[in-house]
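Next come two complexes, and both contain subunit A; in the first it sits with subunit B, in the second with subunit C.
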Partner chain A sequence: MTQRQVTVEAEVGLHARPAATFVQTAAKAPLDITIAKGSGKPVNAKSILSVLSLDVRKGDIVVIAAEGDGADEILDRLAEIASAP
Partner chain B sequence: MAETAPLPLDPRAVRLTASAADRDDAILQCGRALMEVGAVESPYLDAMLERERAVSTYMGEGVAIPHGTLKAKEVVRHDALCVLRFPDGVDWDGERVTVCVGIAARGDGHLRLLSALARILMDPERARALREAEEVAEVLRLLEPIEEEE
Partner chain C sequence: MNGLTGTGVSPGVGFGPAFVLDWEPPVPEPGAGHGGDAEAERARAERALADVAADLEARGARAGGEAREILNAQALMALDPGLATGVAELIDAGASAARAVYEAFGAYRAMLAGAGGYLGARVADLDDIRDRAIAVLDGRPPPGPPSSRDALDGPPGPYVLVARDLAPADTAALSPDVVAAFVTEEGGPTSHTAILARALGVPAVVACPGAASIAAGTPLLVDGAAGTVRPAPPDADVAAALGAAAGREAALAAAIGPGATADGHPVPLLANIGGPDDVEAALAHGAEGVGLFRTEFLFLGRSAAPGEREQEEAYLAVLDAFPGGRVIVRALDAGADKPLAFLPPPRPEPNPALGERGLRLLRAHPEILETQLRALARAAARSRADLQVMAPMVATAEEAAWFAAACREAGLPSAGVMIEIPSAAVRAADLAAEAGFFSVGTNDLAQYTLAADRQVGALTGLQDPWQPALLDLVGLAVAGAAERGRPCGVCGEAAGDPALACVLVGIGVTSLSMAAPALPAVRAALARHSREECVLAAAAAVAAGSPDEARAAARANLPGLADLGL
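The block that comes next holds the complex of A and B.
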């Protein structure tokens, strides 16, 4: 399992456009990807409902994880989206 | 994070058999329902349209959650939800929406409401029941927050 841990910097947290962009990017990858808030339970990163249910706010830490070919590449992109101001 | 406070849904803001010409019409009907329970002032309606044009509020499971922009917070008097069912469906940028949950919230209160709603809709049975609800009381019951598992 490969993972990235980042702090969310967007004012709205992982809601609205950041959440939409994050989920759309994750959904295009042919891998299972999860996201968790802090040490919480990981949820499906490809579902907007799952991501919104985490209620990630600015300053929260999220852990994004995937396994398989291309995991590093997609996780780098998702980490960048999640941590963008 | 664990959020079990009741959702601020006034039974008067639940409409089971609404119909709308298009997405914007559906959004405006939500805005008016929020106005009628005294939650928002009229400028909030334009802010809801503006918000929708910036990013779709479609959430999945046939549900959209129209709400205003951050700068419209000053015309929100109190946090509130409305639920409008559109049995004939509304075309929402290519998605079919049958339930709109309109949100009015001061501060970042809408984020709490939104995530509580997301947890409810993640249960496909509950989402289906919400789409097919035939009584206001049932809608109110379905939107009772789910207890956190952790």
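The block that comes next holds the complex of A and C.
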């Protein structure tokens, strides 16, 4: 299992546009990807409703995880989206 | 019936008969099951959700702008894989497609509603998708508001759309020709109804108790700024309210095209932006270009400096919005109060406003400036916009020369400086010998001239942009620039005050850059006054002894402001 831990920097947190971009990007990858808030329960990163339900705010730390070929690449992309201001 | 009061979320006055949207969404009965073919039922549910998603996307594509983004996000919810799994499991357990959709949405709905705030406001979006999907499964698509007035009885003219709540899909396709105002019983300032009403320019009142019991056809006078709804108002009141609003709107709307005084002296009107996201508002308010593109958004909160390519794309996104227009980019403006995570931590500064910030910080870390300038040069080469670069926090001619040399090195011909420090204004002619143009940052110039910290609320009076000392320094900057034939613009809150904008033009300022929403009023104010009137207003303001006297003296010379309600 590969993972990335990043701090969310967007003013709106992982909601609205950042959440949509994050989920759309995750959905394109042929891997199972999860996201968790802090040490909370991981949820499907391809589900906008699950991601919104995490209620990730600016300054929260999220852990994004995936396994398999190309995991590093997609996790880097997702980490970048999640941490973009 | 007495007047109703809610929260005004989109300004303006609208009058028309109430069109009441009172569709009751279908609720599938608990325990409703399917005929036994779970696979076919699952396919039916999947198709209904896909249809709803496609319909939302199509409505978004037609409406464009902010509505498209909101509706695409809703479509993403309709296609949610977690939701699909929930629906399939319920159908496998025997539930009908409609009931399964209802219950599967319920789980997420409870989570969002429990969170309140922004997430709580998304419950309405979720309910709308659910109701649309169930209606599709029932074969009864939900009725929306009529998109043309022809479909309704009664007098011609737009109607006031009244509902318990409105879905983005309902409001996105409407225009001010059809709808005079929105009134909803529920919703709040961050609801999508509020956002779309502002985007459409339709007055709106939300969170208005009693709205849902308004009878269809009742004439309503809606004030979207005050948040009031008056049923069956006297004709005279309607005429007065509409007349006042129309006068102001017409005056603002009549002033279109490039900024200029009444006698045709051009004053380019530009927008201040903080990133590509602000471009849309700038264009919507008629900005002729960008007078201040703050680039901090690329750098702050980052553990590594942004690469040349990433910066290039971000700059290009803005440049491409203004083909043929001017875009003035300010080099990174960081300091001890806005530290950069990828640099060694700054030494503690007791007074960051007077510390190693702006150009001073860039000189200490030239590699950051070099990368930024190279990225800007590459973006400029790929664009049809006129890209200019300026340095923040310049105190001396030597600093201006250093910055101009760095820009030349990177292949950028036009290098300007911000005039924020009194020394730069006092010795403006020396700086103008080195820099291609000036842009006066009135907020910082006031802070440094009056020695009044911008962060200290008690000193707001000293921060007043009408301080005669500040006007004097703007005059010095303009004169120094003119000596070398250089343009001198103003970016800062002062430029967005319609009366002060006229004064600045009178002083000799050559362009004005401001927050986008301020552009129409400034454009209208300039169009109402000749350059001569601006010069007289400026002379009167500069001769005054205090900000209040300066304001009054200027206004006495600017008779057109009163006509505009400014």
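Note that the second predicted complex is superposed on the first by the 85 of 85 C-alpha atoms of A that agree within 3 Å, B and C clash if a C-alpha of one lies under 4 Å from a C-alpha of the other, contacts with A are read in each partner's own complex, and residues count from 1 in each chain.
The rule is simple: contacts are C-beta pairs under 8 Å (C-beta built on N, C-alpha and C of every residue); 3 or more make two chains touch, one makes a residue touch a chain.
Quantities reported herein were computed from a predicted structural model and do not represent experimental measurements.
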Based on the superposed arrangement, let me know which partner A:G40 touches: subunit B (first), subunit C (second), both, or neither? first
In the superposed arrangement, which partner chain does A:E9 touch: subunit B (first), subunit C (second), both, or neither? second
Could you tell me if A:A20 is touching subunit B, subunit C, both of them or neither one (first, second, both, neither)? both
Which parts of subunit A are in contact with subunit B and also with subunit C? 12, 15-17, 20, 47-50, 52-53, 55
Contact footprint of subunit A on subunit B as seen in their complex: 1, 3, 54-56, 59-61, 70, 108, 111-112, 114-115, 118-119, 121-122, 149-150
Could you pull out which subunit A residues touch subunit B in their complex? 12-13, 15-17, 20, 37, 40-41, 47-50, 52-55, 57
What residues on subunit C touch subunit A, complex-wise? 69, 72-73, 76-77, 80-83, 108, 111-112, 115, 118-119, 122, 126, 297, 300-302
Which residues of subunit A touch subunit C in the complex? 9, 12, 15-17, 19-20, 23-24, 27, 43-44, 46-50, 52-53, 55, 83, 85
